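Both of the next two complexes hold subunit A, though its partner changes from subunit B to subunit C.
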Partner chain A sequence: MQHKKVRILLAKIGLDDHQRSLLVLSKGFRDAGFEVINLGHFQTPETVVASAIAEDVNAIGLSFHTLTYMGWVVDVCELLEKKKAKNIAVFVGGTVPEVDDKELKKLGVKGCYRPGALMKDMVEEIRMIVLGVKV
Partner chain B sequence: MQDKGLSLLVEGLLSGDNRSLTRLISLVEDDSPLLPELFRDIYPIKGHAHTIGICGPPGTGKSSLIDGLITLLRERGLNLGVISIDPSSPYSGGAFLGDRIRMQRHFLDESVLIRSMATRGHIGGLSHATRGAVRLMDASGKDVILIETVGVGQTEVEIAEIADTTILVLTPGLGDQIQVLKAGIMEIGDIFVVNKADQTGAERLVAEIDVMLGLNPNHEDLQAWIPSVVKTEAINQKGLEELWNTIESHLRHLKNNGILDEKRKALLVWETLELLSNRIRNRVLEKIMDGGSMDDLKEKICKMNMDPYTVVSNILDESGLKI
Partner chain C sequence: MDNKEKENNLRDEFELKTGIKRKMMGEEKTQSGYAVKECYGPDDVRDIDFNEDIGFPGKYPYTRGAYPRMYREKLWVRGAIPGGMMFAEDQGKDEVSEFKKLEELGVIEGAVRTSGDFHNLATIDPDHPLVKYDIDNCSGAKFALWQFFNGHYADFLKHYMGRGTEGFILEMGHAVGAADSVEWALILAYLETVGKDISKMRGNMVNDPLHVQINNCMRYKQPMEVGWRISTDAMEFAARYVPHFRPTNGGCAYDMRESGINTMQELGFRFGNYIEYCDEMVRRGVRFEDFGPKPAIALSAEIDFFETICKIRAARKIWARLAKNRYGVDPNTVKCPPCNTNEAGNSMTAAQPIFNVVRITIEAVASVLGGVNGMELKAYTEAISPPPHEASVVNKGIESIIAEETGLPLVADPLGGSYYVEWLTKRIEEDTMVLINQILGMGGMREAIKCGWVQQEVEKGALERQRELMELRRIKVGENAYLQLNDTPIPLPMLKYERPTVAQPLAKHQKILMEEWRQFLKERDIQKVTPALKDVFHATKNGKNIIRPVIEAWKAYASIGEIMGVVREGLGFPYDQFEMVKRPDYIKYD
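Moving on to the complex of A and B:
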């Protein structure tokens, strides 16, 4: 049973105080027709997954500006698996070096976006992956 | 019930599983073809939920108020549903659903389901799926359903149709609010809340509302509910118990005077007519578009270059519809 729209939950996990990314992403995604639920920063894998399930989103976007992202992504993916919610596509972005792309893919992350990524490219890709449609 | 996937979800719903509930709400939002089947089975199930609508201008602290109420009600062991509605952009169709972020305390509480919804083009303050979502939450056994609506205006009266109790939230310092608020929105409030009551101007606002309520002709009618004004400081958890007591006494009033039943009947009628009108509209448009797209239709209208009344007659004649 597929949604007609991309419902994406955005969050920053851990003690990462940078917030602007979430605001920029929120606006960009909203302007692309997505329904955006922004949880803000200082979230935990538990609050992210619980909220994603409660809101029946089809995508989660995690933004990182610290180098401790890997542990958090592993936790989120494992929790999604445990709660039988692997249908929710996970996207990651921020200061995540390319060297970790393989590892992220293995975890099931569907996309990773770095500084320089264009909003319109991100939007197109996310929409394609989540809804299976091209606009 | 024919559809197996749907049966499983309904089973989950009726056993109080929030995940099934939120999935079913999505079906309603997406106008799933399974809806007639779903509601045929859900309709007879009567829960006991008290539905409370909370509306008011942006920035008055509705989300914080709801956050405080959730804390209070959870202390009393109640099972809650929250529907937070935000507007969809008329241009992109997207929405920024920004209410959940104000209710952080409750994210891990499994007895509270917070569900954000976008209006998706629906005019009236709510999403077209709100009523369906309320029915589903009621069937799943929620004790209280809180609905937070978009802003305030003449069209936000829709909340009064759906909710048992309607609360209008105002704050000091928003200018001459009473004068600015047009008829309609002031008429729908069962309870008025002056939030951020620690700010200057709170007493004056309470007085202004009292004066306006004093003009209410229902003072003559002993059976009528006279709206009350409650002062709160939501973020300091102040005034919430008084608010809840007032809400409960409103519900008692509705039950004791048979008004609750009348309201529910009126709601069913309204809901049915809405559905009927939407379906007719969609079918007629389908027939007119005749396989083409909305853009094709728009182009056609522009090409005709005539007044709208003539264009409509021509389009209907062409389609063969006798309207």
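Moving on to the complex of A and C:
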């Protein structure tokens, strides 16, 4: 049986302009065999969800370097629900404190990654969650 | 292979059996890649001339310090960003008393840095679609002069930003060129409104519009021409009317370094920017003597101890060489600019913040041994959140112990004459000059940016830094090695703040700020705003210095997004660089 690939859209929402994360994640995920669409920074929830649907991705990766990320994640999850695209798995990373994990999981976020997370571990987990396979 | 396996592969059988550590892990190179010897001696410094390369502090080439008596005359200035107030539990009521607490503690000693709220850095208004949840999340959201006299920030802004003519040194630390200059004009507008003489204003601003074009952060899509124009107009305005104010740091080396480049690139790109600004001022008729010595050399204090010390020494040397050879000035007749450091945020880890206290201390000691005139210590929470009050206490303790207990300040440049330090200083200087000449050969930093070469170097550096960590060629204790130390978490006080939640994604202080924005719009007289903005537009379009019209626009209660929007249009760019907001109908140019 042929497995599909992880097709992930990466983005930064709002005014957070720290771009190094998207650069490193893009490279790391591509090296791991994911298809990566790097939307870049200064996105809104609307542009992220619209692009995710248009690009037929099965995962969205949002990177944050601020403490005000929660509202943006709420908006993305609500919009995915409204557009009947809840099948797209949402992953969040960056300065996301552990204390927020429960709330994020309740929203439907599938994984949270913090500074020090290993690329290998992230790739394995995302692949498992999105495709249901361990490679 | 995970990190534990990789770590084991680097240890030999003896180490694994006995637990006795034989060697360092990681590559045996400096952070920037110098493959250094095990020991240095006289042969390594034969090409170094005492008078030409080392000298004494306060004299050409200034390797050993900007002024003769160094710390016996004046200790380093302690910089601090009053962070955390935006999230303090009694947010909205207590910014001034928190600020005063920091002053009493000595964390703030007659000098303070501002940082920018995101919309300030982007020079857009608080109701822009990209700002929604990112409002007031940093160090004071400013949008109009109105706030100095109304709203919950009024006392704070007056106390924090309004004392520049009373000897209180304000560093505008937005770093983003346009954001610094337009906010400086706001402060000048406030000072004139309350009857102060702006020629007496002291302080400095980062104001480097070029570095944001190459970092992988802080650009906010501001076109280079827009940042260049308002920033250089501010530099000229300062030279003519606000002579005690340092209108740029000549190149925000810190931010560039944080993007992933090495020491030589940090200095090379910094001086590349500095040369652009000096050349522009000379072209406008400002003498090098009246501008060149003003920009403080602001560097990153990285975790590589000796590279940091030698970089600081080399930086002053390079300035002296440029002053003498490029601008034809005898460096002994002008003051060497101060050299400051800002500790490397990327050197801090999220795991085990107590280890960051060690890193903060090491970087501070390196800064002092390099002979800095000012330094900003990072908080142990750097990789996690803005600092709690306790972090300021820790840093004041570190800095006071260095000043009072160690004997370090007694002797200027105590490492001067060390074979290794002189060898490394010289190598850094030479390799940086090669890079500077390469940039000049491309037509200067602006041309090098326009053709994308600098950005490519930054991107290569960022990816290489990540690879070094993944391949354990560079070790970060608690992050990619020695992970067992994290099994015993050592809690430190963290910032208490109103957390955005799913139910309340906007915190109380954010809602207050937005209410005040709406109140400001209702209260101001649009009949005064429109002509003031028209003046800004025409001054921009016709090549005049725009700082005076911008000051008047602030006084007329124009907002930050409106002022910079018309500057953008005056230079032929869209009103909103993100193209999500159109120019309002009441702003007309005819």
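Note that in this section the second predicted complex is superposed on the first by the 132 of 135 C-alpha atoms of A that agree within 3 Å, B and C clash if a C-alpha of one lies under 4 Å from a C-alpha of the other, contacts with A are read in each partner's own complex, and residues count from 1 in each chain.
Everything that follows uses one rule, which is that a residue touches a chain if its C-beta (ideal position, glycine included) is under 8 Å from a C-beta of that chain, and two chains touch if they have at least 3 such contacts.
From a predicted model like this one, the values you see are computed outputs, not experimental measurements.
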item	value
Overlay on subunit A: subunit C relative to subunit B, clash or fit	fit
Subunit A residues touched - subunit C or subunit B, whichever exceeds	C
Touching partner for A:26 - first (subunit B), second (subunit C), both, neither	first
First (subunit B), second (subunit C), both or neither touched by A:118	second
Touching partner for A:97 - first (subunit B), second (subunit C), both, neither	second
Least Cα gap, in Å, left between subunit B and subunit C after the two complexes are fitted on chain A	8
Subunit C-contacting residues of subunit A that also contact subunit B	27
Subunit C residues touching subunit A - in the complex, by the definition given at the top	2-3, 87, 118-119, 121-122, 129-135, 137, 216-221, 259-260, 349-351, 383-386, 459, 462-463, 466, 470, 478-480, 497, 499-502, 505-506, 510, 578
Residues of subunit B defined as touching subunit A within the complex	5, 18-19, 22-23, 25-27, 30-32, 88-89, 92-98, 100-101, 104, 107-108, 113-116, 118
Residues of subunit A touching subunit B in the complex	1, 3-5, 26-27, 29-40, 46-47, 50-51, 53-56
For the subunit A and subunit C complex, residues of the former touching the latter	14-20, 23-24, 27, 42, 44, 66-72, 74, 95, 97, 99-100, 103, 106-107, 114-116, 118-121
